[in-house]
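Step one of this worksheet: look at the structure below.
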């Protein structure tokens, strides 16, 4: 399969099950909502080393938030509900509770409430900070806690929903040089930014340290995937096509498989052309994830439910 | 003491000893250096709940970086050298190693090398990711490791310096309403941004959740400092002056006591006036830190060495 | 009428007829589309002194642009079609033609094509830069010109639509101090940013130099509106309520009266409360514009077609 | 001459005499100073079509501004003092006078006051807006005008200095593809951003529409320079080396010849390598400017006074 001169390999991304929550932070204006969201979703690139994979889903106007203020929707992904409760509570406690004028609400889209939905008591957990001065309040149609702080009350929804989600959507952009590979990656990330319910958790959305599961050293969970490293081409059994001198990976987490596939579709489409040799996906031999996301089917729009 | 109509209380901030490192991330252009630095210093507001307090010290031009590329200087603070090695290694591994075109170097200012300096082996630690394909290299006047990645080699200095530092510099801005308090806080943060070797680790540099050590609930390390919460004024023994309806805290970490004091000096000076009733500091009765930073002396420029 | 403690005066904004175009600039990624759009819409605050009032309407993803690349929609407003053709041509020629990888297309929303629509030959005008090497091309469903430049071809639609539009939508935010007034203004501008087909052309969307038509000095078109200046309260017949010490104006241009009214509605709604004394509009005694936009009716959603 | 594999052609940029002013805008915080500066320097790419070439020189902290507030230094360049007075007055009147909390001061560096310095009465010109309510004031060590506005008084220095300056510093980055050319251009612009007293007036600092003086059509001042357009390679006498498929130009204006040369030096140095074939400068046969800036001498640091 070929798109604007770029070969799309007939392979698939190995995605896997995760748990996710979508949280809305609001503030007195958009600048402060963004400040809180940026800090709360920072250092959230990969669960290999971070407590969660995190990112900003979208910027919200006053009609889209429970308290009719400017807001930002954040998303957090982990492997278990417990991990999610822990990471989300701590991130909200450190980066939202502390931030001027903010409030925090559950932001799970209404049409995404599967039967497996669970509740994580973020607000309840944080309310211990109130030291007995906190109050329970029904407000904005939600059960919230009001915690006294130095600029008034921090309003936080008592609990948020955790829903099953999909992590590890990904594709690789292979090009003849670094500049063209990176420009293609930027095109992909810009396109994915507009897809609802999907994030690219790495810095500016692009990864250059493709990894394999395990390493020669025991007890190391991940190490460089030498088959995709151009400098090692002569030393190893390389999976790089001739002429490929640089590869970037786009990693995607989504609330649903559909969101991840849509992100892969628009991202791959945007990346093709302009000196990009091939689009492929990292083959982990099934050791990473059980959800197969085949590139060709996704691009043709024929995907599994 | 009074400055532009604002009372400066005769009190002091309780700062404490920390360990810090200053790391320089470089990249193909300033945009990517910033992307890596922003992610690597995210979720780094307070060691109460984060593995480090982190922030961007300054943006560097090519003449200021070892590899003559655009760069950003990041700073990380923890309570012990071990914590620092762990946090810095993990943050660099997740957020810099992964980020297109970056390299990482020790960035401790040359004139700040006290006898207690220690080495944290960030590069050595991360090099396990190379899975045996990594190389040792003397380059840019440093001992570095070169780790193969999909866009070439990630160059990382083998070790970085950890130096004794000062955390918990702080002051409180007390005003008659939220808007004036926040505007004053923004003035302070903008001024502190230009002070070398000092950061304000919270979102956009401002804190609204002033805390006390401990809580009524056992085993809770910190809880709201009710004496500074305007909504609790009638219920508790408030430390707020009449008319104060909003308080923001500026928290500062610095590589030296001088840097923290300079940040407090320019921050307080910028915050005064425009409806700000008073500047004070949070009194923890000596339970927080042993370094006393007295506001009056600092403003007069008469401070201890 | 009152909203969250803020009085809404029973008055109206004097808006006036303008001509407008909406242009889409696309580029290799969103960063370059924004760079071009920001430069092209700069120095476009008021037609009192600028050749056009200009601003960014919205950021577009690849599905929303003719050439399926990242884009930004810009809007330009003038008093006549000739002025619009001149300003838009020159701004595109200086700030888009020159900018790496960009292309330019007409972006008038399809449902906004009144019978009075006119064509302004932006692309035709600019094509003289091609010095005979330019080409006509049917591409992306448009009649375009291709002008050779140093990074390839600049594709620009031969002509764009000019449509009748509405300028001078406005309201005044009156508060007891500068900080609360400015915070309310930021709330308003953030809310209006999400309204399609409307812009706030001044720096960050807020105006502090309210003007009246004419001046004591002959041949001066506009001068400070002393009745709204707090410092002149004692010297002139002030229109300020007791306690108002700061006023900010939000100025809105829109492709339709409906867009301007919607922007006023969400902007006023967001601005109210938090120490804002009153919302009003500047009364020019009918000397400015013939379109009356009554605040009360707009807030109630009962407005003229 | 060669640098990291890139050929530096033995040629020169044809720069020319301009007049310039450096103005400092201050505001309540850095955000508003930037908002005013960005608008005031917008639409200021080239005097071919704009009233001035304009850009931000640097962000200033409170110790660097007359009124001890956060600030930004802007620079404006024109061919004559009259044009400069007109453009600067109008830009300040439209984009600074109007912007919340700002003040405006002359910002010419003290060591750059040649004998030819002239005064442009920006503040005096704008003060007519005060309609008789303006006041003269000696403040911050300057002769200023205070103009009543809705958020208080706009303080503007009565006059600013116009000094002889240098425009048209430039160089061309020639590469084998668009992505590498643009990445090199970004490296150059990032490096130049740190050079004092020099700006790159085009969008994000990069130009792709290289022009020649005149055109086949009479009365057209500038048209595409076909000798540098890769798509026209076969049709014209091309000046492009074999394999060059994309060229970007960096244009620099500076308060002094030294500043322009320093900007060219760091910009060219940063651009070289990474697939850049050659650095050259546009030869206009002496029709553009009389100041010759030879690339080789500049890179060697041997330049005329």
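Residue numbering begins at 1 within each chain, and the chains themselves are lettered A, B, C and D in the order written.
Here is the rule we use: a contact is a pair of C-beta atoms (placed from the backbone, for glycine too) under 8 Å apart; a residue touches a chain by one contact, two chains touch by 3 or more.
All figures in this text were calculated on a predicted structure; none of them were measured in a lab.
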Give me the chains shared as neighbours by chain A and chain B. C, D
Which of the two pairs, B-D or B-C, is linked by more C-beta contacts? B-D
Chain located farthest away, centre of chain D as origin (C-alpha): A
Euclidean distance of C-alpha centroids - chain B vs chain D, Å: 35
Intercentroid distance (Cα basis), chain D paired with chain C, Å: 27
The distance between the C-alpha centres of chain B and chain C, rounded to whole Å, is 40
What positions in chain A touch 2 or more of the other chains? 28, 31, 178, 182-183, 274
Provide the residue numbers of chain B that touch chain C in the complex, in ascending order. 31, 177-180, 182-183, 274-275
Touching residues on chain B, where the partner in the complex is chain A: 28, 31-32, 35-36, 38-46, 48-50, 90-91, 93-95, 97-101, 128-133, 147-154, 172, 178, 181-182, 185, 202-204, 206-212, 215-217, 220, 222-226, 228-232, 235-236, 246-249
Write out the stretch or stretches of chain B touching chain D in their complex. 28-31, 61-63, 68-70, 183, 186-187, 190-191, 193-194, 266, 269-270, 274
